[in-house]
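In the two assemblies presented below, chain A is common to both, partnered first by chain B and then by chain C.
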Partner chain A sequence: MRLQLAIVVALTATAHADPEGDTATVVARTSGYLDNDDTAISTSTIAVKAKPKDEIVVSARYTADAVSSASVDVITAATERWTELRSEVAGGVAWVDSSMQLSADYIYSHENDWDSHTIGLGGSRDFLNHNLTLGLGAGYVTNAVGRRDDMTFSEKLNAVSGSVRAVWPASKDDLLQVSYDIARATGYQASPYRHAFARGPAGALIAFPEQNPELRTRHAVTLRWNHHLLDDTALRSHLRAYVDDWGIASVTTGTELVYGLDDFELSGNVRVYAQRHARFYQDVYDEPRVYMTADRELSSFQDVFAGVRAAWVPLDDKLSIDLSFTGFYFRFPEFSRLPSRLGATAGLGLVWAL
Partner chain B sequence: MIRLVLAVVAVLASGCGVKAYQRGHLAKSKMQFNPSPEQNQLEQHVYNYREGSVGGYDGGGGGCGCN
Partner chain C sequence: MKLAVVFVIGAIGCQDNLDAKLDLAALDRPYFDCKVQPVLTKSCGALACHGDPLRFFHLFSRNRNRLDPDPMQLNALMTTAERDHNFAAALAVIDADNTDKSEILLKPLAEAAGGWYHEGAELYKGGDVFTAKDDPDYQVLTDWIGGATEVPTCMEPGSGLP
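Presenting the complex of A and B:
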């Protein structure tokens, strides 16, 4: 799963609308996560962007995750509650002019049982009098996977990814983006802690170390539509279709209404996700198989997120302070150990443009 | 699919695209696809750890002559 994060981070572009300074911008964010699977996560990040020259943007970021969990994964692994700190540092440089952008990023992530190095390259260019923007991205990530308190366990996981996208204004009030992403991962893709269960000859459950295929190719096509509604109000919507060669297929859709009022910005959003299981997934296997997983994220399930956000942007847009709250619900009809998950996230952000 | 892409490009190239003076609404920060990258990163972090899918939500932007 950390691989998924790395791929997304590698392909994240630098375009933004937070306050942006003439010489530098400082961003600090913190968020908390809590769910009824006995998991709590605190995430904090600080990022700095600077413009040493008009067309050059350099950036640096540090993110830390503190996780405390006694979820069903932990219970079935017969271990106690665990706590963990993940640290991530990132640096990047971008060249930006009025119609073209090139960027390169590097990310290093470390936790006690996982090390990751990611390289990302991106570029985009406007065509047809800025009526069409085409963008390309590519990433490579290499991971060293370990297991806590087990120096003999050492696995590798590498992945390459690429993306293409097109952005165009469909009218004076509508902006559209369509993108295609592909990622191919090679190596150890199971959890070194989880065990899958199969029924033995007498009907008793027998635990087996999780084993997933070592190759996985993912495809995602995403359509995003931003529509200007009123004077300072916009509706931002998206639809994504995803398939991979493990048999997972999913659809994601969501929309966000953003309303501006003087120095304040209010928004509400809802996001819905539905997924079909990997072809080798079973809640309890009828017999031992080559590939066996206890990962509920590989089962069929649905989830919904709904949230609100309020931002205060004083000082001629040089400062922004925002608060957000999101609630979520997951339904796992194929995972008997956790039929549903209910939780919430809350965040606080500060952006200072110098 | 290729015909659709070519048709879109042909329409844009023919001058039927949005003119520069019509892009006032499109230039607003609320119309950007990734208005807050660090917040987007934290949100995607939650999704990517808890769902079987990944990708498709990179920043994008541009295309409206708003740079």
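Presenting the complex of A and C:
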């Protein structure tokens, strides 16, 4: 669930150009998520970005998720519908001049059974008369994994990550970016609630507590292409290839068409994803294995997201009000308990530049 | 395309032993049939609990969940296949390397006694299956996991065994 929510959030926060204030920018967003796996989520965010000095940008954000779920994972854990509030606070500071940017960010998130601290550092610099930007990033996240109402369960999951990227204009209408990301996670990477199934001696299913490897190294290469089509019209596309040492390989591609008309901005986007399963994944295991998972996100699956967004930007670009809607469909051919999932998100945002 | 995926993953490197076989705890089958099965039938196998095939650790027991869906067979003697299943289901929730931390011991034990959260403790407002570790039925589970054995002729009352 965690990964797929991140995808939804990333997609609904489409890469449009929000107004940016001379001294401060305030962003308020709310969105709703609903799928046919009996899960509903309401997300609200308030964020502030301020420039106390010309070259200093500070930012802060608070996000709250109210989750209600009776998904197939919940039911097979012999549990009834649960609801909970998830909170996340983030703060950052950046130093920006005409050709260089340095940033540091911190995020703390809390759930009933999960606490997370994330530190991120980044930097970029322009070269060749601003015709080439090179960037570096590094991150560290430490998670305390618990189990609801169970003080005896406590696990750790830590991860370090790094990234490099290059951005350059390929022509007066084209901007290209290529990036490489690596992340290495160590610790508890299973779910304390899920059970994997193996075929038992009588033909019925036998449940085993989920167990995943404690190490995972991920690699991703992403190519982004922004193309200016006509006046106030642009096409933003991306292609991402991913592999990890659990045997997962995936490809993501998507594009967004953005059209500006006076005080309005309209956009439509589509994204498709295809994944090959982790080497140890089986829907129903042929025999008990050391590593057994019931995580459908480790199976082979495909998904498609399609969305539209409309923004009204009055007051000389000092205010933006936007509405967005995204529908999605997941196909899990190797996960018999939920062969497909259909859902949608709808969002309302307000950006005020001061 | 498939060849390219295999090549890239090969270049990055997959971890070894991702599909290694799990060694289950080597516990006594006659003790299970004679002593443990009655505890599971009495305390776990209700249809709203682990007699529900949709739940994990689902169990077969007389007058409850049966392998044979024929309602006329509901109260028939437990079959060997059903006993095999229950034995395998129980082994699956035992941590062979750290038996004290086994789910079969900690899930039905009251939190006040050191157990885990258990939805079943709240379902009927009756508390958890075992309120204390000195519960005789709980002792049956710990004894079995601790290596207790029984003669093959030991017979569960009313089971029709051997």
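One rule holds for everything that comes next: the second predicted complex is superposed on the first by the 338 of 354 C-alpha atoms of A that agree within 3 Å, B and C clash if a C-alpha of one lies under 4 Å from a C-alpha of the other, contacts with A are read in each partner's own complex, and residues count from 1 in each chain.
Everything below uses one rule, namely that a contact is a pair of C-beta atoms (placed from the backbone, for glycine too) under 8 Å apart; a residue touches a chain by one contact, two chains touch by 3 or more.
Everything quoted here is computed from the prediction, not taken from an experiment.
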**Request:** Report clash or fit for the pair chain B and chain C bound to chain A in the combined superposed model.
**Result:** fit
**Message:** In the overlaid three-chain picture, which partner chain does A:215 touch, first (chain B) or second (chain C), both, or neither?
**Reply:** second
**Asked** Where does A:290 make contact in the superposed view: on chain B (first), on chain C (second), on both, or on neither?
**Response** second
**Complete:** Value for angle(chain B, chain A, chain C) over C-alpha centres, in degrees, nearest 10, is 150
**Request:** Figure out whether A:240 sits in contact with chain B (first) or chain C (second), or with both, or with neither.
**Result:** first
**Request:** Could you figure out whether chain B or chain C reaches more residues of chain A?
**Result:** B
**Asked** Touch check for A:149: first (chain B), second (chain C), both, or neither?
**Response** second
**Asked** Of the partners chain B and chain C, which touch A:117 in the superposed model: first, second, both, neither?
**Response** neither
**Message:** For A:201 in the superposed arrangement: first (chain B), second (chain C), both or neither?
**Reply:** second
**Complete:** Superposed, chain B and chain C have a smallest C-alpha gap in Å of 14
**Request:** Pick out the shared contact residues on chain A: the ones touching chain B in one complex and chain C in the other.
**Result:** 244, 278
**Request:** Using the touch definition up top, name the residues of chain B that touch chain A in the complex.
**Result:** 8-9, 12-13, 17-18, 20, 22-26, 28-42, 44-67
**Prompt:** For chain C, which residues count as touching chain A in their complex?
**Reply:** 5, 8-9, 12-15, 17-22, 24, 49-50, 52-58, 60, 67, 81-82, 84-85, 88-89, 92-93, 103, 106, 111, 114-117, 119-120
**Item:** Partner chain B, residues of chain A touching it in the complex
**Value:** 1, 4-5, 7-9, 11-18, 27, 29, 31, 33, 43, 45, 47, 61, 63, 96-99, 101, 124, 126, 128-133, 135, 137, 161, 163, 165-169, 171-173, 175, 177, 179, 181-183, 218, 220-222, 224, 226, 228, 232-234, 236, 238, 240, 242, 244, 248, 250, 252, 258, 260, 265, 273, 275, 278, 297-298, 303, 322, 324, 330, 345, 347, 349, 351
**chain A to chain C touching residues, read off their complex** = 75-80, 147-153, 195, 197-198, 200-209, 213, 215, 217, 219, 241, 243-247, 249, 276, 278-280, 287-292
